[in-house]
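The following blocks contain the structures, represented as structure tokens.
Next come two complexes built around chain A: one with chain B, the other with chain C.
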Partner chain A sequence: MATNAVRAQVGAKWQESFARLNRGEPGITGLMAFSEAWTLVTEFLRPRDITDPTPPKQYNMQQVRAAFDIINKCRRLPVMLEVFLDDMRKCQHLITREVEAHMTLYETTPDPDTIRKLVFRLVEWYNAWLPIRERVTPVLGPTIISAYTLAFQTHLFSVLPPTFAGGIKSLVAASLVHVASQPAGPPDMTLWAAFETLSLIDRYETLIASVGYEFIESYVLETCAGKWTEPMLATLRTWMVDRVVPWMILPYARGATNADEAKSMMQGVGSRFDFHLHKTLCDLRSREIFDIIVDFPESVGALQDLKECLQRVDQRAELVQALRRANKKRLLHPGADTKDILTQYVSTIKCLRIVDPPGVLLFKVADPIRRYLRDRPDTIRCIVASLVGDGESGDSLVDESEPILPLQQPEMENYSDPEWTPEPIDAGPDFRANKSSDVISTIVSIYDSKDLFVKELQVLLAQRLLVVKDGNFDRERRNIEILKIRFGEPALQVCEVMLRDMTDSRRIDQHVQSQNATIMHPTIISRHFWPALESSDIIMPGQFQALQERYAKEFSVFKPDKVLRWLPHLGRVHLELELDDRKIDADVPPLEAAFIELFSDKDVWTVDDLISRVGSVSRSAALKALATWVDMHVLKEDDENVFRLLSVAEEPGTRHVPKPAEELPSIVSVQQQQAEQMRVYWKFIEGMLTNLGQLGLDRIQTMLKFAPGYDQTIEQLGNFMEAARREGLVTVKDGMWKLGR
Partner chain B sequence: MDQITSALAPPRAAPKAAVSGTPSEMPGSVTKRLSNELMTLMMSSSPGISAFPKSDANLFEWVGTIEGPAATIYAGLAFRISISFPSNYPYTAPTIKFETPCYHPNVDIVGGAICLDILQDKWSAVYSVQTVLLSLQSLLGEPNNASPLNPDAAGLWNSPEAFKIQLMKHYRPLTDAST
Partner chain C sequence: MKVHVKHWSAVAQWRWNTGNSEEDDEGDVCGICRVPFEGCCPSCKMPGDDCPLIWGECSHVFHMHCLLKWIGTAASKQQCPMDRRTWVTAERKVNSNDRS
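Our next item is the complex of A and B:
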């Protein structure tokens, strides 16, 4: 149905195409030449199976180039490219096969070398199929190559299984290890060139970076974990430069022509790696912080690292969290000794001062410790004991070299100080900078007032003074002088009196001895100034009684205005026992002495009889005293609670040295004293309510100043009255208190 | 210069302020003695007698309470008294008066004055608030009818029922109103 016009048009087209292909050659020779050239080029370009053992056909490059020219002149190159890519697609199964073969092998034995082989093999395929090589005219080169590369990679990436990523990662890691272990050796450029050819670097960039991160991480953990004595950061940085940077050049500075260019190309990734190094170390030290503090001062290096890391990496909150968690888990529980908690607290103070001089971290970490310590009953005792350097263990909280300073009160900020700086940004609202205060001030400030300390100090001093037997109080005197500097002189006046009592006792004793020599040497203390000593109702029998009376008489001559009240249970008695067959020397508490003296009257006693002779002592105390003699083979328990004197040793030769049953004199603790105080206050409250009728809390508070030593706040009084109300002792109405009737 | 030195001096007087409020001419030893007596009295827990300073500002004015001893006609009654210490206490006896009207041979029913030898010529510095209160308590049960301040009461003493009627007529129970 074609009309003439259509026919003419088709004819014209045909003529035009013909003319183009024939290029004005005579006849159809041009067309023939084109056809030949096309066949040659297509054959030349056709992707071949490189596994095919037959050697590739050799081409006359002259001819091939001429053929390309012809096609180019006929403007048929794009069509040819299409055909070539089509051919390539038909051969893609070869690549798929290759990938599958390698990956199957890799999946059964994950060896990065398999991946390495695969990568090189793929490069081989790529090169084998590369259409235009340097031999061919490069007119359309770039376009064709990019089209080819795109097609090749698209297919390649589509057939690579997910395990390939893992493979690449381990391969990269292996290369990193290789480079890092021999940084001087020539870097393995070929692998990276292969990656580049297949543009695997761009595709797996994050993967490669993560290899770097993990490598840094494992190295830091391996070299730094548990090593706290030396700062590690400098070493780590050198390591980065020496070992990691040579590797980083390969993926990140590829194509750099000179060192400067390489440097600028690596700047971004370099600082990321550097940050990661700091962060890893910071995390590690945060995890270890509790043990680092335990090891202080051997762990100063780690603390300096931590300080530097924290400036680079903002992990302060994490550090606080980690330390608080560790403290809670490992320190602040009933199983921990108060002394240990205090020691750790002091170390924490010292450590965090190194890490964070303004003290914000310390403030945040210390808060739970301080609160916990405040709730412990023996904290004060522990602190005081360490203040006076108790015990010969030497691990006192206070550094001997630290200068002794008076206790410091928190100061108001001096804003006119030119050195003033604002509080750090993460300081909480109740943060108080205690810039210069020493460790002791910090510890004492756990409690609101230092009075508690002074009271506990008296108790402790009393205990120590009473066990000193040789009259050498230099140590205690020295301690008191030190404490005077800390707490101020007035607070320690009572302690002064106690010390004086000790020296006075010796003087008085010398006088009494000169008048009427006796074997008894009492320590005479002023009841008013000493902490309450537990009294006992032992009545010393026999010669002890006589000795006491004689001494008291002599004393009343010397000091007529004073009366001696004996506390016999606090003494020590040196005894010489003369038995039928042996003599025994013993240094024992008075109760033991009293008992053994009773045995000189008769040989067999029951426990109850013994107790009835010495006034009232508890049965357990009596049994303990008797056990001392049983241990020394002086007494024997024949029947239960019946003791017999062994005038003749029954088991000669098995006598062993008695263990010293020494105990600290029982002194009423501060808490008991407080309870005692409250009892006194209650008497006063009772007295005023009886006589003055109902009173308001304010009035009771002001009236209570008649009670000696009253130091409670009105809140404490309120609590106390509330407790009394619950017990039905008082009632309250409209804020007026009156006695419950 | 004085200011500087006084500023440097530690505030030594501060603890003494605990018993401040006493007139300055009063010697400190009297307040000390009274404080000690108060402490002794508070801690003694003698049944039925009690006393306490009227206000925190003045240690020389006390209020006391005496309960009638059991097995006497005054059993179950409580009497309020006022105690006023002289500035030279304890060399002079304190002045003690019944605030609650007390129908008693040795007590003035109107003014509350008491006729007791140890409060007058027999006073001695070894007596204390506690001993005086104990004496007063025993006086309730054992009046000295030889020197009555209230002759009516002395006359009725031997007829307990009539005496009790008079006693209860004058007696006013203690109130809780704050003084």
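Our next item is the complex of A and C:
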């Protein structure tokens, strides 16, 4: 069906091809030469099986080069390349076999050396098949090589199993360990050259980097975990230079001719590794931060490291998170002592000041601790105890060397200060920079007002003053002077009066003793200036009452316009009991003294009779007082609630009553006082709720404000109402309170 | 059995002897500054002998400093602020006060 036109076209094509292949040679000699050259070259290029023991055929390179020339002249090289690649594809099963053999071995015994052998073997294959072993075709050389390499690698990577990546990783790791363990030895370049040939470096770049990262990580963990006394960063950096950098040169600075070149090639990866070093250390220290703080000040080294790391690595938020978590888990729970929480808080303040001088981290970490401490009932007591240096507990929160400063109020920013700097970038909106304030100011600022401290201080001081027996108040005076500097003089006026009461009492006592010597040495206190002392209506019997009366009379002679009102339940009495067969020396509270005085009239008493003789005293207090004597084998409980004086010592009975611990004078705590105050207002609240049904807390507060002397905050009212709810007096629903049934 | 008391460190509060009944536990306040007698007047810091009371013939009692300040003002006309009778200090009490 071919038309003439088609025929002519085909004819022309054929002519053209012939002319190209024949290159104008006479007859078909050109064509023949080309045919020979083609056969030679394809034979020369054909991929051979290198496992085949027959020696490779030797070629006359002159001829081969000439043949390439002819093909090139005929512009048949691309076609030849196609044919070559096609041949290669047919032989690919050889490589597949090789890979499979090695990988099966590796999978049964994971030894990186197997991988190493495989890599070198693959390089052998690659080189054996490389089409241009000698420079035969300068023209198309690069194209052919890249086409070949691409084809070879494409196939290679398609047959490599996933385990190969793991193999490479362990091989690289092994090389790193090898280099790091003997950095002075000559570097083993062959492996990396082989990787390069197979372009494994590019393919597994992240893998290789991860080997480096993991190596750094494990080293940091091994050397730095739990070692906080010394800064470690400098040592780590030296280690990097000595151990890791020589290895890094192999993959990352291959082909560098001199040190400078190598340096610039490694800059990027070097800083990545350096960053990783810092990050690892930073992570480690963040995890350990709680214990580092516990160990402070032994752990200053670790804190300095952390500071440096944080400047390089932005892990501040993580550090805060870690510490907050640790605090929540290990510190802010009911099992922790308030004192321990405070100590840890103070250490946290000091530690984070080292890490972050502007105090942003501290502010973020401190917030939950402060909130928690605010809810603890005994926090103030603990703080005050440490403020006055409660000697028994040993270490106080306050550093003795720290200068005593007045409490600082948060200052306004001084924008005209040339040294002014803006707040750090991660500071929250309510961040207050309290650069200069000392630890005590920070702790005291947990509470909004320092009045609470002063009140608690008063209670504590009262307890201490009333147990001091030798009249030596130097320590208390010194503490008060120190606290005056902190809290200001007016706040401590009350304490000043208390101290003066003590000295006045001694003076009065000296005078009274000079007029009419007595064994009674009372402390005369100014009420209104002492915390509410639990009132008691004990009536001291017998000689005690006589003593009281005599002293009070003598006092009124000395100070005619004043009278004494005894607080008989306070103080201590030193007694000597003269029994039939023995004498007993005892130092006891007044109630005990009162009871034993009663026993001097009559040998057997029931508890109820005893109580009625000394006025109102709680039964438990009475039993406790009696137990003291039972314990000293002065009394014996024959029947229940009937006590008998042991005029003659008896064998100690089997019943043993544990001796009650010596107690501090019972002074009503601030909380009890508050509760007492609120009780007055309960009547008002009850009336309100009866008349108006249900009310919200703020409504109750507003109405209570009309009541005389009402000075409670709405929080205090809330606490009170909550307490009332627990007692079942009121119920609350959706913030509305109403009377319970 | 005999009980010998060797040493008794007791605790007591002092009160002004204002002549009121002993049972009045809450104590009276100064009619001028409304601070309890056992406290101190607004210009004092130490209670007791440093801020004594003054007894009037009219039976009213004040912090001495409060009353003197009042008497010092022209508006007082030297009268007791409670009953507007001319203030006369009860002799015995003041003398005994000075002695202490």
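In this section, the second predicted complex is superposed on the first by the 546 of 741 C-alpha atoms of A that agree within 3 Å, B and C clash if a C-alpha of one lies under 4 Å from a C-alpha of the other, contacts with A are read in each partner's own complex, and residues count from 1 in each chain.
Convention: contacts are C-beta pairs under 8 Å (C-beta built on N, C-alpha and C of every residue); 3 or more make two chains touch, one makes a residue touch a chain.
Since this is a predicted model, take the numbers as computed values, not measurements.
Colleague: Touching A:L695, do we find chain B (first), chain C (second), both, or neither?
Modeller: The answer is first: A:L695 touches chain B but not chain C.
Colleague: Classify the contacts of A:E578 with the two partner chains as first (chain B alone), second (chain C alone), both, or neither.
Modeller: second
Colleague: With the two structures laid over each other on chain A, which partner does A:T229 touch: chain B (first), chain C (second), both, or neither?
Modeller: Neither partner.
Colleague: Report for A:S612: first if it touches chain B alone, second if chain C alone, otherwise both or neither.
Modeller: neither
Colleague: Quick check on the superposed pair: does A:K738 touch chain B, chain C, both, or neither? Answer first, second, both or neither.
Modeller: A:K738 sits against chain B, while chain C stays out of touch.
Colleague: State whether A:W566 touches chain B only (first), chain C only (second), both chains, or neither.
Modeller: second
Colleague: In the superposed arrangement, which partner chain does A:F706 touch: chain B (first), chain C (second), both, or neither?
Modeller: first
Colleague: For chain A, which side has the bigger count of touched residues, chain B or chain C?
Modeller: Looking at chain B versus chain C, the one contacting more residues of chain A is C.
Colleague: Go through chain A and flag every residue that touches chain B in one model and chain C in the other.
Modeller: none
Colleague: Over in the complex, which chain B residues touch chain A? Could you list them?
Modeller: 10, 18-19, 35, 38-39, 41-43, 45, 50-56, 59, 62-65, 80, 174-179
Colleague: Using the touch rule from the top, collect the residues of chain A that touch chain B in their complex.
Modeller: Going by the criterion above, the answer is residues 490, 680, 683-684, 686-688, 690-695, 699, 702-703, 705-708, 736, 738.
Colleague: Over in the complex, which chain A residues touch chain C? Could you list them?
Modeller: Residues 466, 469, 493, 496-497, 500, 504, 519-529, 533, 542-544, 547-548, 552, 555-556, 558-568, 570-580, 590, 593, 596-597, 599-600, 645, 647, 665 of chain A touch chain C in their complex.
Colleague: Chain A touches which residues of chain C in the complex?
Modeller: Going by the criterion above, the answer is residues 1-17, 27, 36, 38-39, 45-49, 52-53, 93, 96-97, 99-100.
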